[in-house]
Amino acid sequence: MSYTSSEMMTVAAARALRNDDVCFVGIGLPSAACNVARLTHAPDLTLIYESGTIATRPAILPLSIGDGELCETALTTVSVPEMFRYWLQGGRITLGFLGGAQIDRYGNLNSTVIGDYAKPKVRLPGAGGATEIASQCGRTFVVMQQSARTFVEKLDFLTTLGHGRTGRERRELGIRTAGPQLVVTDLCMLQPEQDTCEFIVTSLHPGVTREQVQQNTGWPVRFADTVAQTAGPTADELAVLRELNERTARAHRSDS
Amino acid sequence: MALFFRLEEAVSDLIHDGDSVAMEGFTHLIPFAAGHEIIRQRLRNLTLIRMTPDLIYDQLIGAGCARKLIFSWGGNPGVGSLHRLRDAVERGWPNPIEIEEHSHAAMANAYAAGASNLPCAVFRGYEGVDLAQLNPNIRTVTCPFTGERLACVPAIRPDVAVIHARRADREGNVLLEGIVGVQKEAVLSAKRSLVTVEEVVDNFGPRSPNAVILPKWTVSAISVVPGGARPSYAHGYYSRDNSFYVKWDEVSKSRESFLEWLRLEVTA
Amino acid sequence: MALFFRLEEAVSDLIHDGDSVAMEGFTHLIPFAAGHEIIRQRLRNLTLIRMTPDLIYDQLIGAGCARKLIFSWGGNPGVGSLHRLRDAVERGWPNPIEIEEHSHAAMANAYAAGASNLPCAVFRGYEGVDLAQLNPNIRTVTCPFTGERLACVPAIRPDVAVIHARRADREGNVLLEGIVGVQKEAVLSAKRSLVTVEEVVDNFGPRSPNAVILPKWTVSAISVVPGGARPSYAHGYYSRDNSFYVKWDEVSKSRESFLEWLRLEVTA
Amino acid sequence: MSYTSSEMMTVAAARALRNDDVCFVGIGLPSAACNVARLTHAPDLTLIYESGTIATRPAILPLSIGDGELCETALTTVSVPEMFRYWLQGGRITLGFLGGAQIDRYGNLNSTVIGDYAKPKVRLPGAGGATEIASQCGRTFVVMQQSARTFVEKLDFLTTLGHGRTGRERRELGIRTAGPQLVVTDLCMLQPEQDTCEFIVTSLHPGVTREQVQQNTGWPVRFADTVAQTAGPTADELAVLRELNERTARAHRSDS
């Protein structure tokens, strides 16, 4: 069965979710991954969106973090200050999803500027919830398209702390949450090496070579002693994902 | 005490050149109609405060209303960049704009602190990130019991808050419902407040005893503006016009097409 | 993940000698049945936390369960004194009790800080009053922006929170409604939590999107205890037994009549 | 028309309320006074009880601060942390009512202990909301039975700040709210003298003499240059108060 690299990413991320996770979900691929997980192996997965919706069960994917669908299918909806105070900072979220324009080998992220902060070449959206999602969720997953432009030797700006600029800062700051534990790309999966916290390739997606991964990584990327091969999406996983996308497209077409 | 005014009147009474203005609504209930009225009244040198500047501030910034922006995420949700914001930051058009940048957690806490009449908000956050070095309004306090260093930002205390709500009753109480965001905090943190609503009802009828309501004596002015949140949405009234958000990417990309849109859709 | 247990089991699993226990309910929904179970299980050396100790803690203190009390108003509402509390404080019967005393504002903020995983709560208060000199847990922090001194107390982080609610659904989610006090904060601030409820329903049905709900994964155990808040009340189920509050003044006045009541009504 | 001294107190307090006041109401006499005001000259008076009920319109008087009646007739009911943070500390309450076991000439109150704090002769209920009501409401009224035992030269404990131990502390602490502006007793009304902030008698209730007031005051009480005579309760005021009390008694009887 053929599938796109984006479908592979989504399915790989979905598989990493546990049935008892309480997820802080971002729009786009994380939202798709969480909902695929909920519709396959993790029916009790709890989804929380930063707009305040708790335990939502959307039938279609939201286009924004605050779609009406999220509120309608939620157990309850709280204010945004409450979301950040009692729920995220309160330590009640086990897993957060992050992305960005740039990532470094220690899982730090930039979503603020390309170039100088005061005089940027490109002004990006900024931190949003990411800064505190990264420090306060039990653990985080990063999902990004992999390229030498996005997987960089040195971030232009550190928006979101992974394991820190040398891999040690997170621990030194006394942050008790685990930080980024998985990076899923369209090519492979990376996980932090135990002692150094450097992200190393632990699984290659079907048909992807080590050379391809290195070409699309801005630092000399390292590979685990045994590198797994990611299982391709199953027929069931693909069906669930495509139905979800189809339902979503249909619903959003009829909106306008 | 809330009174009912025409939008034009309410904006001109409550908002003045140089004011700090918080227009809130978290995806849901964004007060676009009020934003357009601010553009029509050619207000200038505003300090615009908002967690997610979104299209509404892209429009105000492009129209030259803003001197400064306080925010935590400046994008077109699900679509991409805010081109007018980027043009102002990257190239100073139509005027240079000062930015004060935070995280969502900081902004949400800062609104709650403003509503609570505190000078600052204390929370956990900003550990090990560059923004904490660049923004002088990100400081720390030390817990006197544990010695932990906690993040601290100034409370948000705008001159004016502007929100859109589904309905008010005849007395001027305002019901917030659904995705309520930081709207209540924005109003309670501000010196003055304007609420646009879809409709006025005789009374709210049967409701949860814990319904989110702003009593009439917390609101300066109410304007009845059906559709006042379009292209954002008002739950139970109309859906989000997702196609407009996509179209905005094109409209706002060049100064010319933006100005053309502004002339045709707002100021004409 | 909330599971359903018999009250006896839930109390013995969750609460142990020496624990700090917050039993909340602001006039409404006071968890008396759980309190009586604590007495029956002869738990000792508890640190009892509660804004308004009320009859429920008068009973636990008289029964010898408490080593320490953290509170902000210790009276029989609308009636007078808590005689068992006074006997413990004034004469050390049945055992001396340590007290840590606060204002309501401090306690309410301290619960919110606990729910927010903060080490302390920062607020305005305690200006110029004697308590601030006597209680070493009342300190100050200085706002790094304005230089103002703000009051600061430790967050409340009890070992166990106990509340009574009107209903749970079959999954174990808990609906709070009406006068909700600090119950949600108490549960979110605690390491473990017990919720007694009037009844279990299949689902909560149509409700405000902003209903006050504790998701199942925030609660350790639920016990179905109809009438579990008596002589306090459960809105929609039964009214406050005001006559019991009046009668308690007599019952609790002497050690003998209190012990007799305890034997007949609780431990028998 | 005959009336009791308690009825006189209630009516005198009720008259001092303004139609646009937002009142933080305590149980007992303050609650009666506020509801009499609402049913006579101040129909728009907003009543807030610290249990979280905002803009309540009880038909009967509550016996506790959190009676069901208060919630049922409220515009809305918020959590107690929100009540203290957004509403009281937020500066949205114009008037608070206070009482206590002892008051001094500067309107400071004791509701904590008689005797030594560590080894009290009488342990009283404590501060409750009073400490912050006193500093955060626009102004406060004190309602108390007057006697030499309760109107004292020196408080055993300062629970609630009035104008401070010398009448100057409130201003020196930078507190911007006005503090206690009226003391209503069963004998008279006292108001703070402009410069000293000492409470002086400004109005005697009908039939009360200066000597009676002095006998029931633990400090050498001073009188304003012109002391008014409080108007006795009108027939209308009495009727409203008595109907309210009667309705209340009837309702609470049928409860049990």
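Going by the order they are written in, the chains are A, B, C and D; count residues from 1 in each one.
Throughout what follows, a residue touches a chain if its C-beta (ideal position, glycine included) is under 8 Å from a C-beta of that chain, and two chains touch if they have at least 3 such contacts.
All values derive from a computational prediction rather than experimental measurement.
Novice: Which chains are shared contacts of chain A and chain C?
Specialist: B
Novice: Tell me which of B-D and C-D has more C-beta pairs in contact.
Specialist: Of B-D and C-D, it is C-D that has more C-beta pairs in contact.
Novice: Using mean CA coordinates as chain centres, what's the chain A-chain D distance in Å?
Specialist: 57
Novice: For chain B and chain C, what's the span in angstrom between their mean Cα positions?
Specialist: 39
Novice: With chain centres taken as the means of their Cα atoms, state the distance from chain C to chain D in Å.
Specialist: Each chain reduced to its C-alpha mean, chain C and chain D end up 28 Å apart.
Novice: Can you list the chain B residues in contact with two or more other chains?
Specialist: 112, 116-118, 123-124, 178, 180, 184-185, 209-212, 235
Novice: Return the residues of chain D touching two or more other chains; collapse runs of consecutive numbers into ranges.
Specialist: As it turns out, chain D has residues touching two or more other chains at 71, 77, 85, 89.
Novice: Taking chains as nodes and touches as edges, what kind of graph is this: line, ring, star, complete or other?
Specialist: other
Novice: Which pairs of chains touch each other?
Specialist: Those chain pairs satisfying the definition are A-B, A-C, B-C, B-D, C-D.
Novice: Which of the residues in chain D end up touching chain B in this complex?
Specialist: 20, 22, 46, 54-55, 71-72, 74-78, 85-86, 89-92
Novice: Note which residues of chain C are touching chain A in the complex, please.
Specialist: 1, 112, 115-118, 173, 184-185, 188, 209-213, 215, 217-218
Novice: Going by the contact rule at the top, pick out the chain B residues touching chain A in the complex.
Specialist: 26-28, 51-52, 71-75, 77-78, 81-82, 85-86, 89-90, 101-105, 108-109, 111-112, 123-131, 134, 178-182, 184-185, 212, 233, 235, 239-243, 245
Novice: Once bound in the complex, which stretches of chain B touch chain C?
Specialist: Residues 116-120, 122-124, 137, 139-146, 148, 150, 152, 154, 177-178, 180, 207-212, 235 of chain B touch chain C in their complex.
Novice: Could you list, by residue number, the parts of chain A that touch chain B in their complex?
Specialist: Interface residues on chain A, with respect to chain B: 27-28, 50-53, 63-68, 70-71, 77, 79-81, 83-85, 88-89, 112, 117, 120-132, 135-136, 157-161, 164, 169-170, 173, 175, 252, 255-256.
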